[in-house]
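Notes to accompany the following structure.
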Amino acid sequence: MKKLLNQVETYVDDLLEGMVAAHSALRRIPGTQVLVRAAKGNKVALVSGGGSGHEPAHGGYVGSGMLDGAVAGEVFTAPTPDQILAAIQAVDSGAGVLLVIKNYTGDILNFEMAAELASAEGIQVEQVVVDDDVAVDGSTYTVGRRGIAGTVFVHKIAGAAAEAGQPLAVVKAIAERVIANVHSMGMALCPCTVPASGQPSFQLADDEIEIGIGIHGEPGTHREPLRAASEIVDTLFEHIWASAGLASGDKVAVLLNGLGATPQSELYIANRRLRALLTARNLDVHKTFVGEFMTSLEMAGFSISILKLDEELKRLLDAPANTPAWKS
Amino acid sequence: MKKLLNQVETYVDDLLEGMVAAHSALRRIPGTQVLVRAAKGNKVALVSGGGSGHEPAHGGYVGSGMLDGAVAGEVFTAPTPDQILAAIQAVDSGAGVLLVIKNYTGDILNFEMAAELASAEGIQVEQVVVDDDVAVDGSTYTVGRRGIAGTVFVHKIAGAAAEAGQPLAVVKAIAERVIANVHSMGMALCPCTVPASGQPSFQLADDEIEIGIGIHGEPGTHREPLRAASEIVDTLFEHIWASAGLASGDKVAVLLNGLGATPQSELYIANRRLRALLTARNLDVHKTFVGEFMTSLEMAGFSISILKLDEELKRLLDAPANTPAWKS
Amino acid sequence: MLTTETFATFIANYARRLADLQETLNTLDNNIGDGDHGTNMARGFKAAAEQLAAKPATDVGGACNTVGMALLGSVGGASGPLYATVFMRFATAWKGMTSVDATNFAAGIAAALEGLQTRGKADVGDKTMIDVWHPVNQTLQNVRETTTLQAIVETADTAALATKQRIAKKGRAAYLGERSAGHCDPGSISSAVLFEELVDATIGGVERKPWPKLAL
Amino acid sequence: MLTTETFATFIANYARRLADLQETLNTLDNNIGDGDHGTNMARGFKAAAEQLAAKPATDVGGACNTVGMALLGSVGGASGPLYATVFMRFATAWKGMTSVDATNFAAGIAAALEGLQTRGKADVGDKTMIDVWHPVNQTLQNVRETTTLQAIVETADTAALATKQRIAKKGRAAYLGERSAGHCDPGSISSAVLFEELVDATIGGVERKPWPKLAL
């Protein structure tokens, strides 16, 4: 295992310290793995989080116009309820807190327990569960779809609504509208290595790729032969198209997310094809975001997220945000 | 070679197309590998460039407050003079053009030839050569130091001066002040593979790292054993410190640049130590930038750049910019 | 007999077993999940054993509560709230007892199973730790002699290995669909080991299975 | 004799050789540079050969100009402007000639060397292509018989291989310092191959060296 780290045990602690050192608008709640805005808002607060290893998620989205707090678990491990509770307590201004959870058993269980504890303290807590990954057909498995990179759109748009002073119920409804309208799918060229395990999360031959990959190094839905970037984009897009209910003339936002080790050049090569496909279906691409938004350590690969916009979602997506990883 | 690409021959073309598709404020000069702002400015223009494979450099820095044009060569190969000339012609508004060149023989030769051609056409052209890499001691080899990630500070600060309407001579002088005050050094955990060659650019054992790496996959100045992130940061910092002429109380900006495959978590782990070192020397860290700014395809590793700020440089660094890869 | 003291031994021994089996459990989780189950369990029960040693309980229920809280605050993931629930339910079932008789023991296991199902909403056969806890509970309904607790170890071991052929319907492995077949469920294996240590601390004489060989 | 026709043959053959040697030159450049010299040269001379075939020149100077412009517009890197300069200098030296005699041939090489040094500012011994062009030029000052052009092939080959032990002082390899010793300079090898093809097209009978075996 070749990584830039000190000790496996201090990985998350070290990265959070380095993050706070870099970004003066972030504050770490002492004794926790929680990052919050240095200046507390007087509005509905958004808390998200999950395992570490997804950087810039989730701490990178804490800041004006997006999240108020981000809770970091161990690498790829949902954070514990006490940490989530600490985040909720720190960011609540009395206007209530919306939890943005990705649909994984671990995240759900821990966030729900924290929500119960916070409610018991009289804090208004609501939650939404992001399940944008169309690789997993929600109807076959009762767990439903996973949450992956499309979550960043939820942070951005619900964050803008909260920043604009909307009440909790409205912010939640907007978050749910984003969730209903965002569809994603990813693939991997190479696995990643969780520091604590020291082993690659799976093995792939030189001419194989994983399709339908999650964001925790877990294998995807199946393997396919390596082929041209455009053909890979075609495969992911067809899956998304089949689920997304898009129609000619729809306005969309696109997120091309690198999983950690994919050069930006390759993301742009993928975007070239994606844009051609969107244009061919007569979709109106309002904005395209290319970069690393929700990663799996040093996994090579990428995901595509397509968000169908209405006028309000578009306005909120374009609204100002100023966080370490998202400025608009 | 496992890469997300179509054909090796169309790598640069495809990525530029994907880039323009993603960013509506970019325009590609037809028939060239040159990206310029969609809206031409009425001011001194900045042109930079170099080989491809450094994304988001250089096209990602084209936009208000930074570059006016970026010229992309083949992967890791300086662009040809005709391409550079096309960029100069396209961006010149009559106020003159500043070329920001990194100190490599190939870049210098091609940019100089283009400058000669442009001057012959009556365009005012000036150039600056960035040589921030302290890994290579300029006095031993007559080629001088290489230009690496510190170049991004030159784009940002000289770009802000140009945007503010400063004349060519002033913009050039400011760029030269940045160059005199920025010092960088990098290391690699793993090599990268140039698509056209298909082979890793060097071989490293599992317990070895390259110190003093450039940004073209070339080997560094020497090899050392893999060790804790903090110790690696110590090594790079000591080299920078020995060259940078910094003194207690100086205000600095810091750029922690991932080379392509290094997770952001690891960059933050490095930043934790770097901040401790800077604080110990009583340096005042005005701003820290962590991310991928000047990459080497999918090389794993990072570089540190430290820029000593005066009041004017600080103000120009903080000035607004809106480009695909830099927003402030 | 499960007493305040043998319970502490159970936790200390289980923590040690998990440290030894950490890589095995991680590898199992790598096959069909995200590779952290061993790390999660080892971290959690190390914390639990330490907290129990630092603040010894005066009854089994109290000790269970300490363990449950320690897990809740240190594990995370799916297994954290689930194993924490197990010990919280034990805590309620065995509250105030310094020794737990066969009937109460069975009641505790039944309560734990009920807690797991309420939290995780998995059914038997979904390829989760429920696939172990459910048959163990059934065995206990039939065999109520403390001296025959040995039987639940066999049940648990067999049930854990039987998860191998199943297709996961809950938890992270569910996203693999049919690819999840052919690999044992990591949480079921860690549960089987839990029963080995629980029964050994209670009545002794349990033979530890060679899990790396059996499960991988 | 170097004529408009044999010059075209030279370019076509050199382009083919470079395509064959692309990997070898890339590997050489990987050792001490950025691994693109083979790709650069193959791309450049493919373009040059194509442009020369598309628009055949009426004199050697004109052909050289076509090649120089093709290289300038297609190579980039350090080698692009340098090899372009070589052919631009040839173009001036051999302007209007349909055949180049021994004296003019030597003058052309001398002009090319002078152009390379003006552009690249490298000295002999800096481990660049100058280490080949300089001794070739010296050999030509002594041996002016066209029939003994063979001598410059030997000079070039020997000089290119002799770059191996040197420490680079110019170009990208210079940044490696002492680590650059032990590897041949890629631009010197591509120059040696150029002389093989130039002389073979001019007087014939040149034996192509097994460069992958010799230089790697």
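Note that the chains take the letters A, B, C and D in the order they are written out, and that residue 1 is the start of every chain.
Just so we're on the same page, a residue touches a chain if its C-beta (ideal position, glycine included) is under 8 Å from a C-beta of that chain, and two chains touch if they have at least 3 such contacts.
Since the model is a prediction, treat every value here as computed from it, not as a measurement.
Under the contact definition, chain B and chain C share the contacting chains A. Graph distance from chain A to chain D, where chains that touch are one step apart, equals 2. Spacing of chain C relative to chain D, judged by their CA centroids, is 73 angstrom. Each chain gets a centre from the mean of its Cα atoms; for chain A and chain B, those two points are 29 Å apart. Chain B and chain D have CA centres that are 32 Å apart. Multi-chain contact residues, meaning those touching two or more other chains, do not occur anywhere in chain D.
Chain contacts in this assembly form an open path, with each chain touching only its neighbours along a single line. Applying the touch criterion to all chain pairs gives A-B, A-C, B-D. Of all the residues in chain C, the ones that touch chain A in their complex are 23, 26-27, 30, 32-36, 38-40, 43, 72-82, 119-120, 169-172, 174-177, 179. Those residues of chain B lying in contact with chain D across their complex are 51, 73-82, 104-106, 109-110, 113, 135-136, 140-143, 146, 194, 196-197, 199, 201-202, 212, 214, 216-219, 221-222.
By the touch criterion given at the top, residues 2-7, 11, 14-19, 21-23, 52-53, 55-56, 60, 189-190, 206, 226, 228-230, 232, 256, 260-273, 275, 288-290, 292, 295, 297-298, 300-302, 324, 327-328 of chain B touch chain A in their complex.
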